[in-house]
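The data blocks that follow each hold one structure.
Next come two complexes built around chain A: one with chain B, the other with chain C.
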Partner chain A sequence: MSSRLRRALVDAGGALVFPLIAIVLSFVLGAFIVLATGNNPLTAYAALVRGAVGSPTAIGRTLLGATPLIFTGLAVAVAFRAGLFNIGGEGQLYIGAITAAWLGVTLGFLGALSIPIVLLACVVTGFLWGAIPGILKARFGAHEVITTIMLNYIGIYLTTYLALKPLRTEGLVPGTDAIDFAARIPFIGLGLGRANYGFLLALVAAVVAYLLLWRTRRGFQIRAVGLSPGAANYAGMGIGANTVLALAIGGAFAAIGGGVEVLGVYGKMTVPFVTGLGFNGIGVALLGRNHPAGVVLGALLFGGLASGAQEMQFSTDVPLQLTSVLLAVILLLVTATKLVELLFGKRARALAGARLEKGLG
Partner chain B sequence: MTEERTRGGTAGVEAPVVLEMRGVTKAFGPVKANDGVSITLGRGEILGLLGENGAGKSTLMKILYGLYSPDEGEVFVDGERAEIRDPKDAVSRGIGMVHQHFTLIPALTVAENIVLGAEPRKGVSLDLAKAIKDTEELSERYGLRVDPRTRVADLSVGAQQRVEILKALYRKARILVLDEPTAVLTPQETEDLFSVLKELVADGLSIILITHKLGELLGISNRITIIRDGKVVETVEASGTDEGALARLMVGREVLLRVEKTEAKVGGPRLSAEGLVVLSGAGAKAVDGIGLEVRGGEILGIAGVDGNGQTELAEALAGTRPAESGLVRLDGEDVTRVGANGRQGRGLAYVPEDRGAKGLVQDFSLSENNALKTYDEAPFSKWGWIFPKAMRRRAAEALRAYDVRPPDPDARAGSLSGGNQQKAVLARELSGDPGVIIAAQPTRGVDVGAIEFIHRQLLEQRARGKAILLISLELEEVRSLSDRVAVIYDGRIVGEVGPDATDEELGLLMAGRTGGEKDA
Partner chain C sequence: MDEIFGAPGQLLASTIRNATPLVFAALGGMFSERSGVVNIGLEGLMLISAFAGVVGAFLSGSAVVALAFALAAGLVFALIHALMCVTFEADQIISGTAINLLALGGTGFLMVSVFGAGGTSPRVEGFGEVPIPLLSSIPVVGPALFSQSVLVYLMYVMVPATFFVLFRTPFGLRLRATGESPEAVDTAGISVGRMRYYGVALSGLLASLGGIYLSMGILSAFTENMTNGRGFIALAALIFGRWNPIGAAGAALLFGFALAVTFSAPQEAIPNEFLQMIPYVLTIVALAAFGGRAIAPAAIGKPYRKE
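Up next is the complex of A and B:
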């Protein structure tokens, strides 16, 4: 038992080492950029950290930013475990958002009771939407990367149309009607600003994803299919069914993310709606090595950097975009395992995860 | 030489030494694949390199060919220190390599393949006529019969191998390394190959022959260097040794080469096929109307050269590949439309030929692999949940019972040696007490010690009245285990013989020549 615990800890440690090194390196590189903008890197980074975790409000901002990314990160991670690249998080999130915006208003009279119903509806629409590329792949062999990318456009423009035409409200901001405050996800309080209980829902979702993958028959099949379609077929598992399910489940996760954004943050679906959450989910999943716990950590890093950047821009002249550079460098180092080998040697690369490389190849 | 056997690698070389590898060490992580390995090769000599899978033969040869760089050690070619950083360096030093898996381009002709990368040119264009002429000259000189104008895709495996050898010779190789060259050949093709090799050494070339087949080396090589656990155990004169001694050196203990077989107590038919037609992945008829019957208490062996429909036959019988037409019966029941899952449930065990990509999920733990087929049954599962603890407990028992090393249920399957992986597959397949067992190449790429173990297991199942279908490319294996031997050729069973049939008899059948037609 203790040896197993030790092994689990070593594994977790190994998984963390690389992202951590990548983060440190990206900050070193970022320091030169800050210098180039004529600022003191130390002051800038101090502001960045202060803005991310320096006060309850800052932490609240970080949690708020991390929440949807946990959902979209899980959307990528679950599909990845079946050997699939779900690039469709963006569209899936929009589908969830429009579902929540519509039902949230319609069922608003139920008050807080409507929240679980609305979120459940997001699960359903996201599941069905996510199943589309799965079916296209299982039935016709269409590559999921292409179809999920294309379905993003369809999802985004379909929801935009719905928000602007059938569900349009009167008012200055184009978009759907505002949901009654009683039917929205409440703020956590505790001085955490606008952070809402959606973050806790995201944590629950991560736990659910973990249990699904490692504690259920379905998860066993999904992982077997992802790691070795040949062996899965040999064992009598349906490759097609698991392909569809993994993408559909991923779609459901992203869609709850959209629902939580609407119910917890915006109260409606505005046009334009918040963009990039689905795509950043890919980065979050890569950083988190497609493990639910890693996804949570990755999302917190993304959220923290975004939140800290505001403070950094406020107290120094360093533009917000620096954090995009930092994130890009981090992801580059985490994914470019060959580069890691060049910098640190082969053993390091083994640690960085030949597995990831195999999946990408 | 005053004694027949000498320690180390410099024994018995009378001819001038053309190649010496000295103190080569190469580690992968904590594992030393080569540990101070030294070998010498004399001019005009065939050196056998013998060792179990994972002993380090291939690593050593990859170092020689510049595919790996050694951590320590030096290579001397013609007494001169050679820095071999990549295959190009190796080729320029006159080292040629014939890999186990060919590196030919099927769509090109023989001549084009041979000159590829070193093309004779006329101005800026390829001088095809010269390429063909060069190829013809080479093939004439060494008896490597092959038509330079044929497309490689249309050649038999044996002919493709000759092209590979010609490719090396065209690049002026004087040291030729062949990696398991006989694995894909019929007995007759093997003889042809060996007579070519003798021509080559008579012409002054030197050859390193890598193999794990003991008998072959005795017939053809001058000296044999045995490698075990990354170290040279001994170098012996081929004339002063025998199979038993070689096996002992290779494994490090006494090995039973012949399996003890009891009298068969044959029962009723358990697995049968009628008019079975199965398509290959490419859509061609890989199995073309096969009928067979395996009865309880007997082993039916399927002999044949690789690629004659064995894979598709096994998969169609096991239910992992659909049958185009025909019937499969399991204990009298028509299971043609029953999937792999259903056939497992009816007591069919299947040891697939490709344990790497089919038998095991490499990145799953051994406990997960042990439950690969039964994860959805009690005690591993209830109401959709799975119980890793129960899987782990059961796996620990199975791994111990089948001597899998390490017997650690949490170890990643891919981290095990080939033999232990295969034992893990066997543990899963046999521990469910199946009635029918399909074993496809159960000992491919498995070391001698594990082969012995696997053979014993299969015979034990036979003694317990199980029906066993054994599909293997190793003639010796089919013969020593089977009660009846059916020969498969081009998707058809072309004959059935007893286990005491001669090599020649079997060889002719394996080449598709049935009784009447002598020169088809």
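Up next is the complex of A and C:
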């Protein structure tokens, strides 16, 4: 085996230590919760797996659930590579969703031709929206964790206003007009149910994120700023510009996610709109160690759990919210470095690589 | 003016009611953050307590039991946060986010398990209004300020009380020092970890008062995700008030006023959505104006490890 390949495998194995421990521990805890509800954990988990990957429709449901999470996961991961926490995925996704809901109807007469234009518009609005916390940080020193949280709610209320007032349509469900079916992202077919080509777009986005971060000069700068701001600054890389750019690119990814949800799943933006995709993107990114490939795996796990939950609730009487609890526990544990050290000794922790550490000052 | 703001007395009463959960949670967040632990899990702490309080009232019919349930739930969730951030050195932002998701998913799960269905819980006996004699008969201001639930009166007391604890007691001094300079605290022979546990635990207890006021002071039932961002508004109030009890309470009152106007103003005057944005926009503006630097406790967000 070439030494390079071996190193890559060891790196990948090390990177998986934390996520795997977090996943296993959360499922063990989940088994006790299932027991407490008077059900057999094995039956419940079997139903969960069946519901996630047991049939083409189940797989389709998993892909459908994973799609927006890949985008919001990338939104977190790209910013994280610059040493920034992007908690704003939720609001950024909403900005993309309203962009798509508005342009999708307006350009609907173009049919399928409108799809790339609409998604490109999502990139633009998401980029601009995502740049706001970047500018606030670079120019005024306002911490991005707080500003992105605040911008989530500003984005949600802004899009709610737009969907309820200027773009409101007549109908029972409050929200925007439905986009013409010809102008929506088509289903994949192959028995995969409602899974649409948005999933393939998400995979493309992950590849783009990888190439951007590891194969371009700008990506190198972004990562350098994240790894060592002092050194990057000394090398003349401009921390401010890279901060703005990393958050803006993150915003663009989340916004395409919102656009794909509207064009591929809902066909419009309703009020209330789907919630939690942005926040779950944080879990997806961390589980995937902020690497695009890991993000895809993390999103598939999240999507699979959500999809399997329905089958689990159907065949046992365990409420499907159990999986939300499992995901929260995974997120809780995934950065608990000391826990791994206590359980498996210092070697495991060293193997698991660089720790997450960030101040708020 | 009256068309937009309603009668002044009513608006003031509504401001107080909207501000109360924010004040509790913001004061709670202050103890945690002053000790050096970021707490973006206030939303989840409030939500789980709002639920636990209703469960307690549902099972016992007693407001005291309900309060005990809420405090216990807030404390347990806060201790999970402390365990992760202090003992296991997990990332504080991530742990806080997980606490929020855990409370959201957990209450959804338990709604089905305990009450048999999601959505809204059965009605329980809430905290009624207890008018204070004499004070409540002051024109306009009296009924608004002094014809409220006991939890509101507790909130009035809590603001100066937290100020006193934080700035006039040895405990407060140690807590603030732990957030500013943990090395110095450690050198003085005080356990940084223990102080941080205290700070986070206090944040859970205070946030739980805000939570139970939502479900049993304003309403008499639990509704899924009923906090609806109030934990983040409280966080905003904490920052806007510069990590000071008086400042945070003032900011919470201001944001409570914005919420009160949201509920009373007719849609044609100002769209609700723009009023609802006010706390978040103001906080961003404030952060930009303060420069974001040198306001937060210096050691906030960093796990402390002995060298």
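What to note about this one:
Just so we're on the same page, the second predicted complex is superposed on the first by the 352 of 361 C-alpha atoms of A that agree within 3 Å, B and C clash if a C-alpha of one lies under 4 Å from a C-alpha of the other, contacts with A are read in each partner's own complex, and residues count from 1 in each chain.
FYI, a contact is a pair of C-beta atoms (placed from the backbone, for glycine too) under 8 Å apart; a residue touches a chain by one contact, two chains touch by 3 or more.
Small disclaimer: the values here were computed from a predicted structure and weren't measured.
In the superposition on chain A, contact of A:Pro166 is made with neither chain B nor chain C.
Contacts of A:Leu286 after superposition: chain C is touched, whereas chain B is not reached.
Contact with chain C, but none with chain B, is seen for A:Phe140 once the two complexes are overlaid on the shared chain. In the superposition on chain A, contact is made by A:Thr37 with chain C only, not with chain B. A simple residue count on chain A separates chain B from chain C, and the partner touching more is C.
Shared-chain residue A:Leu327: touches chain C; no touch with chain B. Put simply, chain A uses residues 355 to touch chain B in one complex and chain C in the other. Touching chain A in their complex are the following residues of chain C: 38, 40, 80, 84, 87-95, 97-102, 104-106, 108-109, 112-113, 118, 229, 232, 235-236, 239, 271, 273-274, 276-277, 280-281, 283-284, 287-289, 291-293, 296-303.
Interface residues of chain A, counted against chain C in their complex, comprise 33, 37, 85, 87, 136-137, 139-143, 145-147, 149-154, 157-158, 160-161, 164-165, 276, 279-280, 282-283, 286, 319, 321-325, 327-329, 331-339, 342, 355-361. Across the interface of their complex, chain A is touched by residues 29, 318-320, 339-342, 344, 350, 352, 354, 357-364, 368, 372-373, 375-376, 381, 384-386, 388, 410 of chain B.
Residue ranges of chain A in contact with chain B, taken from their complex: 4, 7, 214-220, 223-224, 227-228, 230-236, 347, 350, 355.
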